[in-house]
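Both complexes below contain chain A, partnered by chain B and then by chain C.
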Partner chain A sequence: MARMKFLCDADRCIECNACVTACKNEHEVPWGINRRRVVTINDGLPGERSVSMACMHCTDAPCAAVCPVNCFYTTDDAVVLHNKDTCIGCGYCFFACPFGAPQYPQVGNFGTRGKMDKCTYCSGGPEADMSQAEYVKYGANRLAEGKLPICAEMCSTKALLAGDGDIIAEIYRERVVTRGYGSGAWGWRTAYGDTVTV
Partner chain B sequence: MLKTLISRLPMLVLLASLTTLAAPAAQAQVNPTASSVQEQELMRALQTGDFVAGRVSIPDERAGALIKPGNKGWAGIQGTTLRVISVAAVLVTLTILAAFYAYRGRIRIDSGFSGRVIERFDGIERFGHWLLACSFVVLALTGLNFVVGRWTLLPLVGEDTFGTLSAWFKLAHNFMAWPFMLGLVWVFVTWVGRNLPSKVDVNWLKVAGGLFTRGLHPPAGKFNAGQKLLFWMVILGGVGLSYTGVFMLFPWLAGSPAEWQTYQVIHALFAAFMSVVIFGHIYIGSLGMQGAFSAMGSGKVDLNWAKEHHSLWVEEEVGHGKGAAGKPGAAATPAE
Partner chain C sequence: MAGRLFPLAAGAALALGLSAEAQDLGGHGGPVGALAAAGALVLSGSFDTRAILWDAPEATARRVLRFHDGAVTATAILPDGALATGGQDGRVAIWAATGTEPRLTGTPHRAPVGALAVTPDGGTLLAAGWDGQVQRIELATGAITLDPAHRDRIAGLGVLADGRIVTVGSDLRLTLRAPDLTLLAAADLPDLPNGLAIAGEAVAVVFADGALRSFTPEGALRPERFLTDRPLVAVAASADTVAAAAVDGTVWVLDLPDLGVRHRIEPGQGPVWALALSGETLLTGGADGMIRRWSLASGAPLGTGAAAPAEQFDDGSRGAEIWRACAVCHSLTPEGGNRAGPSLHGIFGRRIASLPGYDFSPALRAMHLTWTPETVAALFERGPESYTPGSRMPEQRLSDPEDRRALTDFLARMTR
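Take a look at the complex of A and B:
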């Protein structure tokens, strides 16, 4: 089994936000929730970079550590998923996540936030693969269809890479060596404890 | 053809020279190696609790926070440290209470029941007490479920039931917070006057209230020093829990996520502290002492119990002429 990761090559990202839109479309994501977003660092300054960010599917995921109801689980592909039937919408995972991935359909107070929603690495939830129940709660299950996440697959500049961590790290390393520069594998140190060294 | 080319030559030369002139400047501006932001540098420059942030084009500006490494610190505290502290606090307290019971047994009324009662707490006092007590027990148990439920209740009832139960527990925790706060104010207003420190308390504390000595009953007013300590611990603990709890209910009132995390840690620590205190309180008010429970049950206590534990208060009440009014004919009995 692969150890799935995301890697955004910020030197290629052109902030077109197509990954954000494709994700929302693929999974019928509720209004107000962005499972993926593009953040521009040093906007308008020389050397600005845009980074597409979603759940990084961390090693030893902090969301899973703080969850009072243990609704998170890690798949064989090292994708961090959660069970919306168990989730109580307490909001702890939002405060534990370094990447702002967990979001809630309502911003209401009094614990009326609803079930948490986040990037599933296009691999659904605990329901049967590609079932209607799974689709309604979590969206499409592309991994079960043998495909990679839609955000990375349709990225026009191939800035966003998804796949086995070792393979995408190697692709990124080759790029950095060839062109002579790279702004880093954003979030890797925080999510996986190490980064891509060139 | 040739003529056309020659006529355009000056223009071409001009274009070429322009390009040559512009080239160095353009190169300097877009050299990505020299000026691009580096994740590593940004991370190194981060202050504690700070995060790497930028601009987003979606309406939620908070989504501009790209990497918040500090969140992992809180996740470690909440995921492990606080759980260990809470469980340890509860287990250690229960062990101490069991050991105390084994050593001292039930503290009995030395002179036995007199058969005559005196009113200790009126309806207003008891209502405030039970409002606070009932809401606290619900809050403590549902709160405990957030701490250890996934290791205790979850394996017992299965994930489906546990999820449904926990969702109800969360609602109970959210809504019982308000009666708890009302009870806290109620209890404070009714009892604060009786809980100010006095000289008698020093002596009471010196002999530890006679808790460890059979037959020793240091004089005390309506509330002895131990009860006064409990009162102030409940008030301070309750205010701490309420204040931090409001931010659990309304997360964005807290300001930054880092502040919310601080409030959450304080909330958990205060909850553990309050549980320890209330374990002791429940013990001494029921199993630990004969004749104590009726003070909050019927509101009336046996006169002998009152004389032993709250001698000064009994004198005061009898002086007012309303003491020992629980039984007919009591007033006719000459004072001893």
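Take a look at the complex of A and C:
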């Protein structure tokens, strides 16, 4: 099995938000929740950088370490998923996440403890692959269809890469060597414990 | 010396196993997520939906405050002895020095309240929400001003001695505002902030990349220190000391302004979600529901460090495995008491919402249902939203009939 990863090349992101929009559309993500968002620092100033942020499916996921009900699990592709039937919406995973990935409905229909929602790497959840129940709770399961996450597929500049970690790291290395600079694969070290050496 | 329990708020009977000798403050039925300290008083907020006002020297609970539909996520003690709480339900409540109901409530945020702060004159309470809004509440008049300070969750809020307001948000921005919330300055942050504390003229911010960074109020970076490769999730500061906690439960005490590490503490209470400084004492609030106290001078525990009362009911069965998720909110014994949910001791044969001492929702009290293995199984087949509408219980379902049977068999064995 491949070790699936995301790679955000901050030198290429043009803040077009196609990743955000594609994700919302593909999974019919409810109002008030963005599984992916684009954050720009030094906006309008020299050194401006934009990064597309979502769950990075960390190697040693801190969200899973703090979950009081153990609702997180890691797939054979190393994708970090969670079980909404078990989640109690406590919010602790949000504090633990280095990427601010966990999202909660702004208006829960059972008090305030709406189920946590986050990027699934377009690989659904614990329900049967590509079932209606899986789609309603977690969205599309593109990995089961042999496809990669829609956010990276729709990225207009291919700043956001998804796929086998070794392959996308090699693509990034080639880019940096070709263009002669690289501000780093944003979040890579935090998520996966190593850097993309060039 | 035996533990003492001061009169509690109506309907809030908690089995507080207090001991002044232990010096640790135990009484919450879930993780402690908020702490505020002022003199001898400590105000804690927990996942169990309660806030508790503690008399720290006596290690006794003075008041238990119940208002929020969800975890209490922020607390503050006002100069005149009044109290403020903010919740996962987005609501802010201001409590007079006595009484069982809040005297004032703010405008509900559309998302949990992340932080509370009081102006130096004690006249204004500020509340920051995960919806990016800062709410300014005039305590004398109840007048409210809302300001969309950030485009994402506000992770930290503090007030400087001159009344200016500092916020940090998940939009990777630090803002400095005048007391009337007018924007004075803004700066970009290098990573995701998780909390903010005012340290004299400096602003201490903990980040998800494991760094503690200090800033000027205008956002210029002062000394920074990478403490860990795990996210830092809590911070507290005084004029010369700052404390930071990581998600793995490690706590650092550092000297200002250079951020030299004075102590590294392993409280051993799971993730530490809240910190507070009170004189020469550091308080840590953790996932075990306990509030522990530590000497800032030596880093040594002031209490016994005794583990929170834990119920171990793992008999190796599938039912026990399923129960682990329920145990966050429920206990199985009378001694375990009520947590965010009521104790399940003796549940079978009991009418719904009839257990004394637990504040059931009105919807549950109006229902006519007796808990049996069949009705509990039906609850988890259909989910509380459908089976017991109006319940505060998070939606939980067990789709496998064998799992439902395993859970009810386990409850039948353990709740007699």
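Some observations on this one:
Convention: the second predicted complex is superposed on the first by the 193 of 198 C-alpha atoms of A that agree within 3 Å, B and C clash if a C-alpha of one lies under 4 Å from a C-alpha of the other, contacts with A are read in each partner's own complex, and residues count from 1 in each chain.
Going forward, a residue touches a chain if its C-beta (ideal position, glycine included) is under 8 Å from a C-beta of that chain, and two chains touch if they have at least 3 such contacts.
Keep in mind the model is a prediction, meaning the values are calculated, not measured.
After superposition onto chain A, partners chain B and chain C are found to clash with each other. Applying the stated contact rule after C-alpha superposition, one finds that A:V39 touches each of chain B and chain C.
A count of residues in chain A touched by chain B and by chain C gives the higher number to B. With both structures placed on the common chain, the touch criterion links A:D11 to chain B but leaves chain C unconnected. Using the contact criterion defined above for the overlaid structures, shared-chain residue A:V20 touches chain B, although it does not reach chain C. Once chain A of one complex is fitted onto chain A of the other, the partner contacts of A:P62 extend to both chain B and chain C. Once the two complexes are laid over each other on the shared chain, residue contacts for A:G91 go to chain B and to chain C alike. Shared-chain residue A:S183: touches chain B; no touch with chain C.
Of the two partner chains, chain C is the only one that A:Y104 touches; chain B does not reach it.
In the superposed pair of complexes, A:F72 makes contact with neither chain B nor chain C.
With the shared chain A as the reference for superposition, chain B clashes with chain C in the stretch 148-156, and the other listed options (148-156, 256-264, 364-372 or 382-390) are free of clashes.
Shared contact residues of chain A, touching chain B in one structure and chain C in the other: 32, 37, 39, 41-43, 62, 65-66, 68-71, 85-92, 95-100, 109-111, 190.
Residues of chain A that touch chain C in their complex: 32, 37, 39, 41-43, 62, 65-66, 68-71, 85-92, 95-100, 104, 106-107, 109-113, 115, 190, 193. By the touch rule above, chain A contacts chain B in their complex via residues 10-11, 15, 17, 20, 32, 34, 37-43, 46-51, 53, 62-63, 65-71, 83, 85-92, 94-100, 109-111, 180-181, 183-187, 189-190, 195. Those residues of chain C lying in contact with chain A across their complex are 31, 47, 69-71, 73, 87-90, 110-112, 131, 152-153, 170-172, 188-192, 194, 208-209, 229-231, 233, 247-248, 270-271, 273, 287, 324-325, 328-329, 384-385, 391-399.
Residues 29, 32-40, 42-43, 52-58, 60, 62-72, 74-76, 78-80, 145-147, 149-150, 154, 159-160, 162-163, 166-167, 170-171, 174-175, 249-251, 257, 260-261, 264 of chain B touch chain A in their complex.
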